[in-house]
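The two complexes that follow have chain A in common; it is paired with chain B in the first and with chain C in the second.
Let's turn to the complex of A and B:
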């Protein structure tokens, strides 16, 4: 039975991180109709910044301070996003999707080397946080407390995002812009500002996803590319542009992956991609998406 | 769909022979002028050009952006590697036959699924399917060698084996170059016939206006499927030619950034022209080789070039040149 709980925790842990990445990707697509291939890079950027701040720059600081510094990566990713959107992406909204994909692909290559330039080719870790929290005994097994914290952060982030999008005035503007950009603009919405804000929030989420994984894993080059395809699988299952879909998709991927890793490790990844293909075929708009 | 003019297309053989014949002659005598390393570099460029004209049948002529062409390239390469591993095949012709059969099967299967959709969904479907193959190549260590990949020795070309005393590099730079050049010319000719045939015209009609094309009786899904198949097979042939030159295949060529490179090549040269992807593939190959040699930050350099290209020269090298020439002509005609 305790093994079962560990599996459930692992699935939720994975789903939390994936929701943060894919939720941001989906939010950005929902509002701006742009598929950002560089989204995984913002996740990686968040991971590197947190790993550097917590693991190297201020590694000597007291542990509570380090916990407060954990979101540094998310803030850094948000700032990066706030710079990138108006400069690089804005010229492309009116152009064909080919060009949007290509420019974000170029951005992905640029950011990958930017991280190599700043932090070198070696993995960066911030394990002190993971270690100080110790572990918990579940029945006869031990489970790291930090992982539970990640799950809590994922749940809180999902709730805050829901409240933000559905319960605030800004959320109304955001949803209006997403549904009909022209009409929102005619009603006096500053669409450019909404775009920057939505992109920044999306990047913040991706950065937060990166920030919370570095205490237990390390920030490595290539994590951007790996994360992006998985985030794609999540948004395809849930529906591009749907936040509920991203949550649901992340849970499905989390559970399938946990089952896959323990039962059929060879085809665990293939199954995830095949699920995405199957969903696209049956419901191209995803399980929660609106059919265009 | 885009602001790139569609008019610059080669039509009559009399118009293109005066510049294609000298170019082909140059390609034939170039190995005499280049050192073996330079020739091998050019060979890589030529075989990638086969992949990118195949890819461009979908993007430039049918209006479908595939972000999963690494799949067919990888299928070609792995088909060769597996034929050697399990059946000890040594002949390049059999390798190519196997690669063509494998890429027909895979692109028929994937194409059947993908051509139901267009635009971004087409792109994501092709990407997801290519990642299925990547994860299989990555995980089935026993068969594919996992990240270590599979080795492929130099095969016999038209029954002629490499002389045991001969340098392998020299063999690749002389004999194999001409072998690839032959395939390159044949593939370009076939593709030229395809895009200028009624079938090719129908594809362009689908690209420009799906609904009108359907009205004049074009069976859209069937045409897209055939284009997908041809595109996949061209890319598979390129993969087979590549793996022999490279001597090793790893899952990297199945991973999605490699698909991005194929898209990059076509856009670099200009995907609205027939010759664009060819020029793009050759230039990309030189560019990447020099960038990798010049700096560890070659990815940033390539990324910056891509961003600049999309921002400033969306018509690519050939498309931009054609625009400049057209403008000059217009000026001198007056």
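Let's turn to the complex of A and C:
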């Protein structure tokens, strides 16, 4: 029985991180209609910054300070996003989508190389936080407390994002811009500002995803592409541009992966893609996507 | 058929030992380090630089293995260039190429390096997915090649069964799973329930196969109770760990490596995995010796790809290793792994072959002459003697593994110096003349020629 709870925790853990990444991707697409292929790099950037700050630069600081520094990666990713959007992406909104794909894909490669340049090829870790929290005994099983914290952060982030988009004035502007950019602009909305804000929030979420996985995992080269591919699986299932879709997509992927690993280990890699294929066949716009 | 045999007898037959043997010195063995004064070469040597195209992972998660490989090549090139270059004249120039471009692009890049950059030799390669494509291309281009890794048995079993231009220096892949299984059979012979976690690609499959066939022979009572196949370059192993714990095995065997292994053991620690079972790995300390922390449990079978760990042989017992580690540390501020040792030795294999060929015929030797000198060469490298078998161009050196241990001298665990396990490589790899087999020649050789033990 305790193993069942562990499985549930594992599924939620995976879903929490995936939601942060895919939610950001979906938010950016929903508002700006660009598919940001560099999104995974912002996740990796968040992971590297946190790993560097917590694991190396200020590694000797007291543990509570390190916990406060955990979101450093998220803040750094947000700042990076705030710089990237006006400089690199804005000139391409009026062009065909291919240009955006090319630019963001180029950015993906560039950021990967920059991270390697600054932090080298070896994995970066910041495990002191993971270790200090210790483990919890659930029945006969042991479970890391830190993983539960990640789940809590995922849930809180999902709630805050929902409140932000649906309960604030900025959320109204955001949704208006998303529905009809021209009309929102005619109503006096500063679209450029909304865009940079949406992009920054999306990057913050991706960076937060990276920041919270680093203590229990590590920052490694190549994590950007992996995260991007998984985020796409989530949004394909949930529907691109929909936050609810990202949430449910992440939960489905989390649960299916957990079942896959324990029951069908041989097809662990294939099973997520099979679900994505199935959803695409049955509901091409995803479970929560609007069919045109 | 051999008669009933005990495990102890079979281990003794296989030469599996914890006492570190140095081996008898054989006549004609060269050595890798440039420690001797160079003889004056015969004939006219051009002073045109000797260009080596070095392809390995410079980007992506594979760079954790690729960078040290390149550095090993650079260090050896520096040593040789300090003496004026090959034959005192031809300085070595190393051109970088990124293996992360993908197999097809790598084949194109190899062609470009040969045809446009006019490289004299090709070196490197980390991935077992790439050597089977690059091997045939090198043969077609008539390009002298020493692969450092990409150690799949498939290369010389199937892809290039009769190599002319292609060689490989680090141990063949099947040796890794076999070495791990022999270490387990020797250390924990009473293991009954075995769980596996392997990365889901050629290397993980190969380790699983060879561990299983050897353990069938030596521990016929052991059974697989759980398997998990995480994607290569994963960092989240929680579900795999949960699955393994649920199966309640006596032993976990894993070939997870690099950044993956770092994440794996940190998570396994917090799940209390190491306290609940024994753990045997093929590459725990192999990828980047300094990347594993002192929180890593001691007494884990800590594989080094059955090749090399910088801490063995220790001290000045094997001076080639002492000088190699010191020079490498001085130049790069880190400790060398098996890839660094492989590339370093490969470069000195080239140097030695060129010098020998020059002695025979004078002038700069052509590729044919260099190849004939590499074939059958026995050379001492930092990790021990390496023998390049003439029939399949594969390098063979005695396999090594051991147990993780923290010592005050290093801020990370090393192989327990008191319990190094060495295995003569000829006893765990298919010999010359053995027919090519499926999945590997070594697999069928073990399956058909090793007895199954009847008792301890």
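Convention: the second predicted complex is superposed on the first by the 292 of 292 C-alpha atoms of A that agree within 3 Å, B and C clash if a C-alpha of one lies under 4 Å from a C-alpha of the other, contacts with A are read in each partner's own complex, and residues count from 1 in each chain.
Here is the rule we go by: a residue touches a chain if its C-beta (ideal position, glycine included) is under 8 Å from a C-beta of that chain, and two chains touch if they have at least 3 such contacts.
Everything quoted here is computed from the prediction, not taken from an experiment.
Overlaying the two complexes via chain A brings chain B and chain C into a clash.
Legend: residue contacts after superposition of the two complexes on their common chain; A:172 is shown touching neither chain B nor chain C.
Residue contacts after overlaying the shared chain place A:59 against neither chain B nor chain C. When the two complexes are overlaid on their common chain A, residue A:163 makes contact with neither chain B nor chain C. In the superposition on chain A, contact of A:83 is made with neither chain B nor chain C. Of the two partner chains placed around the shared chain by superposition, chain B and chain C are both touched by A:113. Contacts of A:68 after superposition on the shared chain: neither chain B nor chain C is touched. Contacts of A:97 after superposition on the shared chain: chain B is touched, whereas chain C is not. Looking at the shared chain after the overlay, A:187 reaches neither chain B nor chain C. Of the two partner chains, chain C is the only one that A:147 touches; chain B does not reach it. Taken together, the two structures place residues 112-113, 116, 265-266, 268-269 of chain A in contact with chain B in one case and with chain C in the other. Chain A contributes residues 35, 37, 88, 91-92, 95-99, 101-103, 105-114, 116-117, 225, 229, 232-233, 236, 240, 265-270, 273-274, 276-277, 280-281, 284 to its touches with chain B in the complex.
Against chain A, the residues of chain C that register as touching in their complex are 58-64, 66-67, 200, 227-231, 233-236, 238-240, 242-243, 245-246, 258-259, 262-263, 266-267, 269-272, 288, 291, 293, 295.
For chain A in complex with chain C, the touching residues are 3, 6-7, 10, 13-14, 112-113, 116, 120-123, 125, 127, 130-131, 134-135, 141-144, 146-147, 213, 216-218, 220-223, 226, 257-258, 261-262, 265-266, 268-269. If you check the complex, the residues on chain B that touch chain A are 1-2, 59, 65, 67, 113, 116-117, 119-121, 123-125, 127-129, 131-132, 135-136, 138-140, 255-257, 260, 263-264, 267, 271, 296-300, 302-307, 310-311, 314.
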